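What follows is a set of structures to go through.
Okay, so chain A shows up in both of these, paired with chain B first and chain C after.
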Partner chain A sequence: MNLRFANRAVSGLLTVLPANERLFVDEMTAFNFPAARSLKLKQVMGYDKHRLVDGQVCVSDLAVHGMEHLFSHGLLGRDDFDALIVVTQTGDYLMPPTSNVIQGRLGLKHDMFCIDINQGCAGFLIGLMQGFMLLDQPGVRKVVLINADVMSRKVSAQDRNSYPLIGDAASIAVLERSEDPTTIHANLKMDGTRRDALIIPAGGMRLPASPETAVREADAEGNLRAPDNLRMDGSAVFNFVQTEVPPMIDALLQQAGTTKEAVDSFVFHQPNRFMLHKLAEKMQIPYEKMPSNIVEHFGNSSGVTIPLALAFNLGERLRTSRLNICLAGFGVGLTWSSMLLPLGPMQFCEMIDY
Partner chain B sequence: MDVFLQELADILEIDKVEPGDVLADFEDWDSLSVLSAIAMIDGRYHVSVSSQEIKRTETAQDLFDLIQKKLAK
Partner chain C sequence: MKTVSELLHEIRPEFDFSTSENFIADGMLDSFDVMTLISDLEKTYSITIDGLDILPENVKSLAAIARLLAKYGVTA
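Moving on, here comes the complex of A and B:
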């Protein structure tokens, strides 16, 4: 599906990372693998350190911390926005929505469109699309788009397949109308038949959490995980990304009537460095035009890796200049999406710790 | 074939792989090596093989044949 928007801008971006940093070399002793092979994995995939919440920290904790930072620094007024979108797969509760939790904790006005979106790696883009559409309403002046996950709480520390790469984080983007008539092009595809490639089998209504679903068992590789934990078919995801993403980007650029050379940076979801390098090679994009350093510094926090990659790699440039950016997200669902849009100069683009 | 065998040897961090070598017998033939092989095959031959397909092949020759079969399609 192709989508188009105009007169829309991301006027500010803040990321919130847990201060708690863990090192791969300290954690690999929990894995059921020879140390030499784990070090090889570190080298190939680009694992090093990652940020994980310490204890029972929730999405709304990270989000409220970030919002209060914006309020107290005069970067956003408490009454300046009329919609609050929260994209997460690890909400505080099954009910109520986490957007309502955040609205209540911040003491925001009742005249507010709160909505949760259950999406992962492509969630930041889907949140942007939803936010841009809400701005069609005259009653919506600004939209706050929060993308946050604390997925480490659902990953087994004895799962070498997923634990080394996982990260927790939140991002807050402020969306508003702009004078810029540049067409923003986007596309989006979904394939629910491949939903098992990334799944937490238990904890929903299909398989309610119970003492049995908390029992970890070894897979064929020796990874220990329970049905309560995230399960990822790494090679299936790899093949999905390499097969679907390059033609999606080609179609996006064709739709926009532009070329790869005209794009300043390809800021993609960050599964790991290995997968992004393979993607860059396949798409014939120089590594330096496709950031791939988020997992080694902070871990993979699903959709939040896109705003993290923007703030970490392009923060200064986004504060001062206007860049032509191609975003892409791909993963759980399966869902894959891309967007070509001008970003900057932003009122703020910064990173803080929780 | 020689290039393919050398690529496999590099993934397994050994000097040489023979066509008749049984992949599962290599100490380092684990999920990381399988993923590295998938990436190598995708990059060099532009065909997509799944880890399940790779696990069903026994020898290096079988894996090479699987790629050739996919290329012929």
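Moving on, here comes the complex of A and C:
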């Protein structure tokens, strides 16, 4: 599906990272693998540090912290926006929606559109699309798009396939109308037949959480995980990304009538350095135009890696200049999406700790 | 220059790769070992392997790895 928008802007971007930083070399003793093998993997995949929440910290805690930062620093008024979108796979509750939780905790007005979107690695883009569409309504002046996950709470610490790369984070993007008529091009595809490639089997209505679903068992590769934990078919996901993403980007650029050379930066979801380098090679994009450093510094926080990569790698430039950016997200669903849009100069583009 | 067998031995020294016809099915290489092996092959033989060629069937045996390398002009 192709989508187009115009007169839309991301006027500000804030990311919130847990202050708790863990090192791969300290955690690898928990894995059921020799140290030398884990260190080799560290080198190839770019594992080093990641940020994880402590204890029972929830998505709404990170989000409220970030929103209060914006309010207290005069970057956003409490009554300046009319819609609140929360993209998360790890909401505070099964019900009510986390957007309502955040609305209530912040004491926001009742005359507001609050909605949760259950999406992962492509979630930031889907949130942008929904936000841009909400701005078609005259009653919506600005949209706050919160993308947040605390996936570390659903990953087994004895799962070497997933735990080293996982990170927790939140981002807050302010979306509004703009005088800029530049067409924003986007595309989106989904394939639910491959839904098992990334799944948390237990905890929903299909398989409710129970003492039995919390029992960790070893898989064929020696990783220990329970049905309550994230399960990822690494080979299937890798092949999915290498197969679907390059033609998706080619189609997006063709739709926009532009070239790779005209794009200032390709800011993609950050699964790991190896996968991103393979994408860059396939697409003949220089590594320096496709950041791949988020996993090594902060971990993979699902869709939040995209705003995090923007703030971490391009924050100063996005505060002062206008860049032609290609975003791409791909993962759970399976879902894959991309967007070509001008970003900047933003009112704010910064990172804070929780 | 290291041989493929030497590279495999560095990744999983506990296995004898000459005795298996399917490293994946026999549990000798997992998905992350495959990425490590691909990275090692690229560095050792100065090649860039296409992401679409990074499949279990292309690294499941010494013969399969030889065929993969041959595709990139390497005789190992």
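We take it that the second predicted complex is superposed on the first by the 354 of 354 C-alpha atoms of A that agree within 3 Å, B and C clash if a C-alpha of one lies under 4 Å from a C-alpha of the other, contacts with A are read in each partner's own complex, and residues count from 1 in each chain.
Keep in mind that, in the parts below, a residue touches a chain if its C-beta (ideal position, glycine included) is under 8 Å from a C-beta of that chain, and two chains touch if they have at least 3 such contacts.
Owing to the predicted nature of the structure, the values given are computational and were not obtained by experimental measurement.
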item: Partner chain(s) touched by A:Lys278 [first = chain B, second = chain C, both, neither]; value: both
item: Superposed model, chain A: greater residue contact from chain B or chain C; value: C
item: Partner chain(s) touched by A:Lys109 [first = chain B, second = chain C, both, neither]; value: neither
item: First, second, both or neither for A:Arg195, with chain B first and chain C second; value: neither
item: Touching partner for A:Gln242 - first (chain B), second (chain C), both, neither; value: both
item: Contacts of A:Leu41 with chain B and chain C, given as first, second, both or neither; value: both
item: Partner chain in contact with A:His73 - chain B first, chain C second, else both or neither; value: neither
item: Chain B versus chain C as contact partner of A:Arg4, first or second or both or neither; value: neither
item: Residues of chain A at both interfaces, chain B in one complex, chain C in the other; value: 37, 40-41, 44, 161, 221, 234-235, 238-239, 242-243, 274, 278, 281-282
item: List of chain A residues in touch with chain B within their complex; value: 33, 37, 40-41, 44, 161, 221, 234-236, 238-239, 242-243, 274, 278, 281-282
item: Chain A - residues contacting chain C, complex; value: 37, 40-41, 43-45, 160-161, 220-222, 234-235, 238-239, 241-243, 274-275, 278-279, 281-282
item: Chain B to chain A touching residues, read off their complex; value: 13, 28, 30-32, 34-36, 38-39, 42-43, 48-51
item: Residues of chain C that touch chain A when the two form their complex; value: 10-12, 27, 30-36, 39, 48, 50-52, 54-56
